[in-house]
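The following blocks contain the structures, represented as structure tokens.
One chain, subunit A, appears in both complexes that follow, with subunit B as partner in the first and subunit C in the second.
Showing the complex of A and B:
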């Protein structure tokens, strides 16, 4: 079965071989808006949340319902897991895949972070958090606020006070 | 997915909604922990929401390099680094799960900082500790280290462990799975074994470039990976469940000719039935001239795939030991021999030539390396044996240190081989390990 990614391209679950290989078991995932995704158990197991459910036998014939993850985000997470499970040793390829994967709009990236957190996909969380951190590095406070839409609720005096309090950090 | 553009859209985007401040605490923590520590603290100015977020960061990495300024002098930089770290730790609130210190290129002579910081960490439920310090910082492991009961992984460098100092109240490290000591001194006493014994889940023990005057007795059935590299006065190992053993015995700098270590190699190797990889550089046989004791050796080393040894192929006893190993390691794939040749007391003339060729010794061997090849009778004999025996051999590396003449080298290349794919590669420089 295919999963649709955010830009409309279709990705086959688990790499091409899983459709032919009858041994690799498939598992059905349901997004919050009821869309259905078929994934190999191997790819699904990258999510510790789902992995534990499989281990504890909590997955019934119907599949796993993920009320916290929307279909477009779930599709992306599945794409990530599929890619990482398919050829975990090709480091260069994976690196460029990862770079392209996080090259998305803000709100999407944060949705992915939340989904990865809920599903407990450690590698994806690390990747996304590092991406956010990289965008913060070497920026001034004002630039960071602008980038993330953080409202400055300090008065100028308060801000000066905090700077003085933490002078040791700004020397 | 657009893979072409490398600069992320994130940098150019100006957000209309503040997603980041509303992330769960654990995720904000994760993001802060990916930042250089100074920048993480600077987030206190972003908004009220962020004012104290940095104080509960769970993974900390302090790099002295981050505090070097182009114009400043080294002492000022050091002071700023120490002051920053002191202030940070005193204002920090909550557990510290991971603490890393990297003062690699910066020498901090005042030793007190390690003691201060370790005392704080011992109250912070620390799990992973990595202190990459420099030689000048060589410090005695603080007693508060032994109070860090939740430690799981430890890396320490340039420190001194006086084993008789093990605090009586120490409960040991019940969660410790990895202990890595680099360039450390282990002085006197025989409590190192007690330390290991107090770590029931120790899986990986690495002692690299160690100078030890202690009696090191390591008894563990959980230990899977062991590396002992350095000068050890006394070693007694009972680690039957190892999958990987790397032992490199070094001579004292003052006496480079001899390695004085009380260690029974054949007894050690006899105990390793599940081992997959052995690298042993050091004298195989104890200096005492007793018969090779082939004790209750396992029927075979069924998992052994790689072996690396110092070997004198011309010494009958060593040759016998090596032969025994090859005979009992049917799945051996990689052999690396660092050849030595001393004046043999009992020369192994024609030892290797007289091995029965009908039994295949090197069934699965894919590569063999012979370093310090001198072209002696025994060495040639061994090389011929393995070339004629190994059906799946791909490569034989030979390093002669430039000593062999052209004719000798040509003759080597002409040697008969059982495997059609077998290549003989001759290096005169240093050989990459097999």
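Showing the complex of A and C:
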């Protein structure tokens, strides 16, 4: 859930930790398109990249700029992190949250993977990669290309050669 | 190193990787700012995939190679092979992942079926519970015996009792030295000089009295002679060593790929199973003796590791290296069998349990273990396997997956039911593997860990 505060910046809070006073210190993240996100340090630390920056004292008062992550994707990653730090023990809830979370268009899923890779959020990477793998299962090559919007960049000769090598898998 | 510059390097480095991604962002914003049309933007940045359309930005399907490899690593073989045919970047990840140690393939059951044809084999996937049809090179696979399976190779014996290695996935086939180069076998030629029979002598390392040899038709020798074979990578040459347990008396002979004859390893016999570990060949015998052979030098050096006198011989013993490094000896027990049934009834034998012993590190004692906790066994004619269930989530921990390698079936019971299935080591309950309608009894089904790579071997061709 996102709420807009008085000064126009977005505050994305999760679960039980919506009181951002004493306990949870906040950190500001800037997406590539300049949008501002206020996140608890705990949630931000799920990103090893940001975690190391915080530990090494590289985060100044302004916050962390993430020129590689767009606002819509960053919002999703933050939502994931907030949800996972909020109630890490409620396995069932988390599972159903995760299932809903990855139920997105494949190009969005790829964007999230790239962001999670850059930000080094292992759990999110594993979740999304497993989702991609599950989408590949039992599909033909054409179906996979269509699903992910991938262009076939083999020459007809190359493709024939590839199929010949393991003909049995392409029946 | 300056910490702040690391941070900026990190983002710059990622910028480089994400260049194409950023290009798409630029294209999203520029038209708004500058009023450019998509087609004129195309001239500025040619290397964006896919080609720009009216709706601009789309999907950039390229993920970094290491991420693709992480995704593919969880796929079963048929999906993995198909993923490698999608586009160039996916194929590149597929090729990198195919190398040994990278991709954890779980064993499949290789069998034949009458409906699939004589030259086809079926690869049954335990996870998908379905079979894939593979076409194998001549001679037809349904006319051969399957006596071994290691590292993706099947060891077959054809109707002339000659052995080959076949990789059923890549169809690479390699002929092994002729059966007549075994010490105990002599060819017999007819009046035209054509080979038409074999003579099998009773020569063993310990025989002293003369026993007349037996004569066999070309296709019948294999019923008597061949028991089990193993293929081990020979790290010093980059090629393979094939070890054969053969009769009389289950002796050992071996050959390197490219050798023109088999090398006999007397004097011991009654061997049941072999593995290759730390440059040594380990062989366990029915008498409960474990021997090691150093076959790297010109002279073979043999060593007795352990001798466990047992009052009751076990006919079916397996030796396996556990992932934690120790050796396990496994006894296969048949408490349920009938070899002389009443008229109308059939012969049968059923595995009822396995007894597992761990060879202690000192090498002097065997300790019985009751449970394999997080591990899985694959036993039969294949090279015995003990796998970690954690690395193969589709397999059941503390279970033994077994096929029929009983010597009785070679002596004439070719159409008998197969003693194969999945046994729960906790309570010895059993489950079948595949419906007998879909799976022929001969050649006997065998486990295989497929290898997708074509081997570049100096001694090549079939």
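Convention: the second predicted complex is superposed on the first by the 136 of 171 C-alpha atoms of A that agree within 3 Å, B and C clash if a C-alpha of one lies under 4 Å from a C-alpha of the other, contacts with A are read in each partner's own complex, and residues count from 1 in each chain.
Everything that follows uses one rule, which is that contacts are C-beta pairs under 8 Å (C-beta built on N, C-alpha and C of every residue); 3 or more make two chains touch, one makes a residue touch a chain.
Remember, it's a predicted structure, so these values are computed and weren't measured experimentally.
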item	value
Touched partner set for A:149, first subunit B, second subunit C, both or neither	both
Touching partner for A:70 - first (subunit B), second (subunit C), both, neither	second
Contacts of A:99 with subunit B and subunit C, given as first, second, both or neither	first
Touched partner set for A:53, first subunit B, second subunit C, both or neither	second
Partner chain(s) touched by A:33 [first = subunit B, second = subunit C, both, neither]	second
Which of subunit B and subunit C A:157 touches, first, second, both or neither	neither
Partner chain(s) touched by A:133 [first = subunit B, second = subunit C, both, neither]	both
Which superposed partner A:110 touches (first subunit B, second subunit C, both, neither)	both
Residues of subunit A contacting subunit B in one complex and subunit C in the other	106-107, 110, 113-114, 117, 125, 129-130, 132-133, 136-138, 141, 144-145, 148-154, 159, 162-163, 166, 168-171
Residues on subunit C engaged by subunit A in the complex (per definition of touch)	3-4, 6-7, 10-11, 14-15, 18, 21-22, 25, 29, 49-50, 58-61, 63-64, 67, 70-72, 74-79, 81-88, 90-91, 123, 128, 132-135, 169-170, 452
Interfacial residue positions of subunit A with respect to subunit B in the complex	5, 7, 9, 79, 96-97, 99-107, 109-110, 113-114, 117, 125-126, 129-138, 141, 144-154, 159, 162-163, 166, 168-171
Subunit A residues touching subunit C - in the complex, by the definition given at the top	32-33, 49, 53, 56-58, 65-68, 70, 106-107, 110, 113-114, 117-118, 125, 129-130, 132-133, 136-141, 144-145, 148-154, 159, 162-163, 165-171
Sites on subunit B touched by subunit A in the complex	1-3, 5-6, 8-11, 13-21, 23-24, 26-27, 30-32, 34-36, 38-39, 41-51, 80, 83-84, 87-88
